[in-house]
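This is the structure I have questions about; it appears just below.
By letter and in written order, the chains are A, B, C, D and E; residue numbering begins at 1 in each of them.
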Amino acid sequence: MIIQIIVSVGALLVLIGLWGLLTRRNLIKMIIGFSIMDTGTHLIIVGLGYREGATAPILDSSITPGTHFVDPIPSALVLTAIVIGLAVTALMLAYAVRLYSSRGSALIEDFKENAL
Amino acid sequence: MKTKTDKPVLPNLDLPASDKGYFCDARPEVVEPVKGIWENFLNWGRANSLWILGFGTGCGAIELRPLMTSRYDMYRFGVQPRPTPRQSGLFIIGGYASVKTLKRIVRSYEQMQGPKFVLGLGSCTVNGGMYWDSYNTINRLDQYIPVDVYIAGCMPRPEALLAGIKALKQRILDGEAEGANDYARNFDWYKANQKKIITDWNMPDYNW
Amino acid sequence: MNPLIALAVLMGTAFTMPLFEKAGLKPARLIFLAALTLLLVISGGILVNLLNGAPDLEVATAGFKAPFSINFRIGLAEAAVWSAAALVLLIGGSYMIHREEDGMYDRMLYLVLALGVTGLILTRDLFNLFVFLEISSIAVYGLIGRGGERSLQAGFKYMIAGGISSILFLIGTVFLYRLTGTLNIDGMAAAAGSGSLAGTVGASAVFILAISMLIELKPFPANGWALDAYQEAPSGIGALLSSAQASAVFIAFTKISPLFGDRLAAVLGGIGMLTFFFANLMGMRQKDEKRMFGYSSTGQIGLVIFAWFAVRGTGMPETAAWFIVGGLLLTHLFAKAGLFWLSGLADKSKGEGGNGFLHKVLPSALAGIFVMSLLALPPFPSFFAKMELVKLLVTGGSWWILTALFLGSLFEAAYLFTWLVKKTKAECTDGGADTVNGDSLVVGKRAGPDILTDSPAAEVSSLLKSSTSLWVVIPALALGGLSAAWAYMAGVFNVIAMAPFAAALLMLLLAFLPGRVRGFLAVLVSAAAAWWIWPRTEGIDQIFAMLFLGGGSLNLFAGLYRKDRRPGFWAFSLMTVLSLGALVLARTPLEIFMAWEVMSVGAVLIALQGKRAAGPARTGMLFALGGGYLLMTVLMSIGTTTVLSPAVAAILVVIAFLSKSGALGLHVWVPGSYAEADNDATSLLSSVISKAGIWAMMIFSIRILPGIYGLDGPELWLQAFNSGPFSFLSGILGWIGVLTALVATIVAVFQEDIKYTLAWSSISQLGYIILAFSLFDHFGWTAAIYLSINHFLFKAMLFLAITGVIYRVKTRLMYKMGGLIAPMPITFITVLIAIIALAGVPPLSGFGGKWLVYSALIQGGRPVQAALAMFSSGIAFLYLYRLIHSIFLGQRKDDSLGIKEAPFWLILPQIVLIALIMLISAFPTVILKPIIAAVGELMPAVIGFEGSTLMSAIGYWNGSWVMYVTMGVFMIPLVLLLIGTGRKTRKVKQFNIVFAAERPYRPETTHYAHNFFAPYRKALGSLMNPLGRKFWEGSAGGVTAVSSAFRRLYTGNGQTYALHIVLFTMAAALFAGVFA
Amino acid sequence: MIKRFLAIIALLGAAAVLLPFVLNLPTEEALPELASKYIENAPGELGAANLVTSIIVTYRGLDTLGEVAVLFAATAAVGLLLKRTGNEVGVSHWKSSEILKSGGGFLFPLIILYGVYIFLHGHLTPGGGFQGGVVIATGFLLLLLSGSVDSFNHTVMSLVESLSGFAYVAVALAGLIWAAGFLDPRFLPQGDFGRLFSAGAIPVIYSLIGLKVGAELLGILDAMRCKVRREGVTA
Amino acid sequence: MTILGQIGAAAFSVFIFINYGFLLAGSMARIRARVQGRIGQPVYQPYIDILKNNARRTAVHHGVMFFLGPVFRLAGGLGTFLFIPAILNSPLFANFSFSGDILLVMYFIFFGQLGMALGAGQSGHPYSPIGVSRGLAQMSAFEMPFILSVLALAIKHNSLSITAIVQAQQGGIANWSMITNPLAVIAAIIAFLGMSMHNPFSVVIAPQEIPIGPPTEYHSGLLGMLQTNRSIFNAAKLVLYVNLFFGGASATEGVLYALSASVLHAVPVWLGVTLGVVTMVIKTFLLYFITVFVGVSFPRFRTDQSIRFFLFVPTLIGLAGLFLARL
């Protein structure tokens, strides 16, 4: 049941991000759209790893023999995904800065130099 | 083929230098007739096949036309008109010959081949006729080109022309019609007379 | 050799690059190149021991077995692509250093890109695949941005697309993990096999994964961003993008393809073919070089994707599948990288004049090799791969895909060849011989003989100075090695098939030797080939072999008349002549097709050497390739269940061969190519190479087509051609032949330019040969072979004589010449004998040909065609007289006063040809007996010799007696004339003519040559509009209009591209039926 | 207008593609076989309390290596794009509020200490190298925002970054030479479970990653900080 | 027949038909004069003209090809005649017809034209090439009807050899080609008009425009040779036409032969041959009349008009003749 909610919220975030990407003309807003989509995806990844009534896979004093653990692999994957998302967003922002400084406008349609 | 040995060459002074290469500058040569039966036979052939050059130089040309009609019919005598001097043997100078026409007459005459005959038609060729004192006609034709037969009259009728042709035929048969050789022998005299009267001579001295 | 060491070294150097930077630029660059070299060494080492039969290399990480940790597996395919990518990366690195574009950050990103590419190729783990995909993408994002303000925009659009694709990949991966329980691709494939992905979630997850990878491979509707990237990225990066990175992503794509269902596979294959077709369609209108290469590489990758999915369904063994896909992929990798680098180097050396340094020998040869390999021409691996692919499609009977493949390849050939021609042909600054084509008069300045400007020494030194172009040789060498490997695998790696390429390569390598030395070498090689082939063939093959090789050597000998080096001419003409020899000896369909393709493309390359030959050569190339594709379809259906109905196969084969010999309708390229080629090259083209089509039609009618349809034995296939499935052929071919002859002759009459006249005359003579061939009986084929030999003799004579004339008079317009009989008597005699023979006037051998054709036609029951043929030979008489009158007779112009006779090299072949023609005319039995015997083996003999008279059912001809009577009748009047008027005749000059009692003014005004047959033009005026040319130009115009319509799709706005991607995903989902 | 309409269609299409995922999610409770195996024998084999860390650092160590490379590439690319082009005008001091300046000064050492704690105890408590690095970077960001320092010492930053990266690769190679495979941490003793110096080389790897990530993010922030001034357009 | 015998016979038959050619030309001129009410030139005038031309003492030539032009022309005329069997079944008049069939004859006509054209070309005079271009254009046009008619005959008699065609037409007027295939004969006759360069198609040697066209620079001995050729070439064409279309002349059959056979029971060989020659002379004389009549009564076509004329109606007639032959 909780997985249902998490995954649908994740999917919703992806759609919102996509909507932002497709309609907003400002570069920064497009990048924000991208990061929303990233977050949505990460939510889906973690959501799929969750098991009802299970706890984080860290063996410390509070673990009793019978406890169930959540699936550790998605959480490992999500870490990498987040870092990669961070890297891509950083690079996009750098591009946005350079594009803005070169053209003085932040609207995507002003950058149609090499049409055809 | 006649190989070009050390024959005297005409100077062709009136030709511009650039055109000298276009024209042959050899002198005309005397070709002695072959004596005896063979020459008579050839003369018989030449006499009975007189080809007239279709070059109406003066008012006499109109007299030539009736000869083609059935009334006078020159074809009976083996005479027929030819368009180019190369192929014709007889050159009829009909009437006055202006200086301008003389230049063309000389070139056509020189381009005719072998035994060639000239028939001066009308008194203008004899002594200038009514134009004897005109500034641009010549008075005596045979000072410029050798003439075989003169037919007097201020424009003699076709019958007279036929008689003239008949007389010419007789001269050929007798072997006296050697105008070509005469022209070749005293070529310089003829040429001097011609050049005296023709001023715009832009042609070679002898038009092969 | 553990691949992980390579990974470690790359990362270590990348991380510590700032330290080396502190130590100075030199050491930093050294370590950078060292790392790349180590990568190449490791990948090469693994490839070598895999080739020596070692099993696939399995490498685990982190000390645990596969499912628990990430593992690498390197099969032969991965190793090959990896080492190829490593090689390209190394060269790319040195290119970057040479261009001084390598800051510290650039080198870091470059190493990371190398890391990404390696990882992509080797990893077997899905998420790890994603990580390496992101590594290479980010490295590329960084490197693209380097190129200046406009490359920033391209970089940003690239990132948008990359971002969307990575998000889709993530979602797909995690859902697949959730369903199959493992991230290892092999594990997933096993789980998919056991049905765990059957549900809607499984299907959509696989779909999303496939689409994300596909977006990375730049599919058609959604690759606007890729093309902007190609256009704006610096050439070095463009090279890597299209070669190393694209191949790595494709290998990754193939690794996950076992997961796809059949329907999804079909959709992806369809998208691949769509990409190939539309990318090339749009590439046709490109002005910007790099964007054009972008279109070409997206198209090629699309083709590779299509090939992968086409091969997948057929259950063919692994090696055969990779033979096709590997061939296409590796050729594209090296060729595209080479092209990008060459265009980069050319831009940099803009200063050296014109289109950079490409028109020098080595760079142009390299550009040629790369473009030819992309066009899938022999001997490159892509040729063999495309052959197998076509075989697959033909047996599968999928005609629409085949047409799309052929059309796409033709579009690609169009724009790549135009680029090659524009770049490698030095602008003919000195105007060349003035000419007129069709009706527009193009007057060029006086042209010296077209000698390459710089001497050999300068050439080699400039080469060494610009060291980078040495680097670019390496991909060419790699391509050569691959070609040898693929040829070996295809089983054609033998002396005969490979001889043309070896010869061409040798000639290009010896480019620094003086022209005449290489010329002699070429003549020796072709003569040796003729001598070698003579005992190995018999019957028709022997006759045509001698025509091809003997004739070829003669023409090559004539080529020695020019002192300059002409690198292109010697290489390509020798290649074409040897390929003709290979064609005669070829037996298997592959050998036949390979030899045919080399010959037809070689002919176009020979024509290309002419000064203004760019336009016509391009059309010629398209016709050559088009014909080749049709032929390939038929040849590839051999040995398989014959899907082609006999009529269709016959039509395809006939169209292919007729396009080579220039029959009506397919002739538009012939006049231009023949006229604009070098003068002696035209002789080779029209007298020797045009016959290949005729010989090929004969061989196909006897061996190949009957072989396909099981009609073995002369009776059977003769019956097939006269009344069976192929019977319609003889009628149509007959009419094509006679109409070609008629129309070509009429057009030839009105040409002002000699070479156009002779080109049209060649077409009409070929029309006669096709007419004779179309009878499909002993009489017809004897006539066809006799005509071919005859046409070779007098056409070679005509063209060589004309070469001499043009060489001396420097112009090709007939009315500007005149009176050349005096300075060039031997050339006059040659042309006189040639036109007597061509017109078919009795004493000479030409009449034999005419007699054979007409008697064959009458006996074959085709009087109307015979009448039209005789009428056209009547008209042929017109342009022949015009040719000899305008050039040799009439008034001699002043500027031709100083010229001398044609050079010795041209005169000797002409004398040999005159002797041959005289021999054949006086004793026709010498040539006709062997022909009758040779054709007699194939068909029941219809005509024969009784003594020296050739008897047919309805007529007879005694060549020797005709010659004796003519000689007798000629000598007696001559003697009479010499005796009679010879002595009296005096030689006079040109103005001693009766000019209506006036003196002629100028030679030009007294020479009647321009518009010689004006009344004919007035009488037949309406017949004259060039229908053939109008049709082909119309269709070409249509295609380019469609192409520019599609190009408007790419607006250049990043957001629109994102929209395209999402809509593309949605459309693909619809087709793949993922939803319900 | 057309674009807006197409965008809506595109969105609906995307929703339709994502719908099957949301509707019929796989719901079986049991962990997949691979995950349960990890949980059983990870502590035994590697001795790390935090199973996620053991997966990240060893089992899927190549991913992490790749990740570090990704971050490194991103930093290099940002550096490439935004490197000093020399036309910046000297940036005036950031007039930040008094609270930020003094608070920042006070909080900075605590944040750094907290960051170091995270990546040192990566194998025991949740979190690890990446998270620790990010925390350290935020510390420095605080300094930056508070305006008390206007630039960082580049040589130190790049030194730390390249050395830690090189060390990481060295550790990976060490695994190959002494232990069972590339990136295998077991060439160091496992020590006793739950202690700081346990689970072989995992803490070493994670701290190296922490340092590297911290330095890289700092580099990105530093690059972003310098505002490029174009004539006439004030930042 | 030994080689020498054949050559002797050929020489004899050439001698006969060359003189016939001269007399034919002379008599036609005389008849034309009579029509115009003139007495006209004597019948033997051509002989005198040739004698006069050869008797010229000087001559001029423009080069080797110019000098060889008339030789080519005469060789063409003689060759065409020698390849046609003049009289059927008489070895004396069979000439060298064994060396080639109708195609050889049709193409040998070009030999003469080519030589003439080359010689005229080198004369340097613009009128010659103009004449040649008109001549070639017209020749290529009238070739079409001639080809179609010849093909019709070849199809009808299923043979290309002239002797076979003549043989098939023996035995009375009913099986002359004129009767069996009238359309082909009409086309052939129109083509013959074109060949003979008489008036409607005399644009080639139009005296007023371009003085006698191609041979404008020829004179003395060279012109003499051209005139000899005109006679033998005319004779050859006439003999060819009679052989193909009007039953030819045979030494062993024909009307005259039947008459003399009824009188003499056994007709000696020499009588048969002479009767053959006489029939040939009569037939050719009447055939030549057609061209003279047409020539006298029509104005001259321009070249493009004649091309369009030949390629329209006569070609259609020829095609009809062809289909007629195939029935």
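Throughout what follows, a residue touches a chain if its C-beta (ideal position, glycine included) is under 8 Å from a C-beta of that chain, and two chains touch if they have at least 3 such contacts.
Everything numeric in this text was worked out from a predicted model, so none of it was measured.
*Asks:* Going by the contact rule set out at the top, which chains touch both subunit C and subunit D?
*Replies:* Neighbours common to subunit C and subunit D are A.
*Asks:* Which chain has its C-alpha centroid farthest away from the centroid of subunit A?
*Replies:* B
*Asks:* Relative to subunit C, which chain's C-alpha centre is the most remote?
*Replies:* Greatest centre separation from subunit C goes to chain B.
*Asks:* By C-alpha centroids, what is the most central chain here?
*Replies:* That would be chain C.
*Asks:* From the mean C-alpha coordinate of subunit B to that of subunit E, what's the distance rounded to whole Å?
*Replies:* 37
*Asks:* List the centre-to-centre spacing of subunit D and subunit E in whole Å, with centres computed as mean CA coordinates.
*Replies:* Inter-chain centre distance comes to 109 Å.
*Asks:* Could you put a whole-Å number on the gap between the CA centroids of subunit B and subunit C?
*Replies:* Averaging C-alpha atoms per chain gives centres 72 Å apart.
*Asks:* CA centre of subunit C versus CA centre of subunit E: separation in Å?
*Replies:* Those two chain centres are 55 Å apart.
*Asks:* By residue number and range, which residues of subunit C touch two or more other chains?
*Replies:* In subunit C, the residues touching two or more other chains are 127, 131, 134, 138, 141-142, 145, 152, 171, 175, 177-178, 984-988, 990-992, 994, 1055, 1059, 1062.
*Asks:* Among the residues of subunit D, which ones contact at least 2 other chains?
*Replies:* As it turns out, subunit D has residues touching two or more other chains at 7, 10-11, 14, 18, 21, 25, 32, 34-35, 38, 60, 63, 66-67, 70, 73-74, 77, 81.
*Asks:* Residues touching two or more other chains, restricted to subunit B: which are they?
*Replies:* Residue numbers touching two or more other chains: 1, 31, 84, 86, 114, 208.
*Asks:* Identify every two-chain combination in which the chains touch.
*Replies:* The set of touching chain pairs is A-C, A-D, B-C, B-E, C-D, C-E.
*Asks:* For a test of understanding, state which residues of subunit C touch subunit B in their complex under the given definition.
*Replies:* 897, 982-992, 994, 997-1000, 1003
*Asks:* Give every residue of subunit D touching subunit A within the complex, in rising order.
*Replies:* Residue positions touching the partner: 4, 7, 10-11, 14-15, 18, 21-22, 25, 27, 29, 31-32, 34-35, 38-39, 43, 49-52, 55-56, 60, 63-64, 66-67, 70-71, 73-75, 77-78, 81-82, 124-126, 128, 130, 193-194, 220, 223-224, 228, 230, 233.
*Asks:* Applying the document's contact rule, which stretches of subunit E touch subunit C when the two form their complex?
*Replies:* 7, 54, 56-65, 67-68, 70-72, 74-75, 78-79, 82-83, 96, 98-104, 106-108, 110-111, 113-114, 117-118, 121-126, 129-130, 132-134, 136-137, 139-141, 143-144, 147-148, 151-152, 154-155, 158-161, 211, 216-217, 220-222, 224-225, 302-304, 307-308, 311, 318-319, 322, 326
*Asks:* Could you list, by residue number, the parts of subunit C that touch subunit D in their complex?
*Replies:* Listed in rising order, the residues of subunit C that touch subunit D are 2, 4-5, 7-8, 11-12, 14-19, 60-64, 67-70, 103, 105-106, 108-109, 112, 115-116, 119, 123, 125, 127-128, 131-132, 134-135, 138-139, 141-142, 145-146, 152, 171, 175, 177-179, 181-182, 199-201, 203-205, 207-208, 1055-1056, 1059, 1062-1063, 1065-1066, 1069, 1074-1075.
*Asks:* Going by the contact rule at the top, pick out the subunit A residues touching subunit D in the complex.
*Replies:* Counting only subunit A, the residues touching subunit D are 3-4, 7-8, 11, 14-15, 18-19, 22-23, 44, 48, 51-52, 56-60, 69, 71-73, 75-77, 79-80, 83-84, 86-88, 90-91, 93-95, 97-98, 101, 104.
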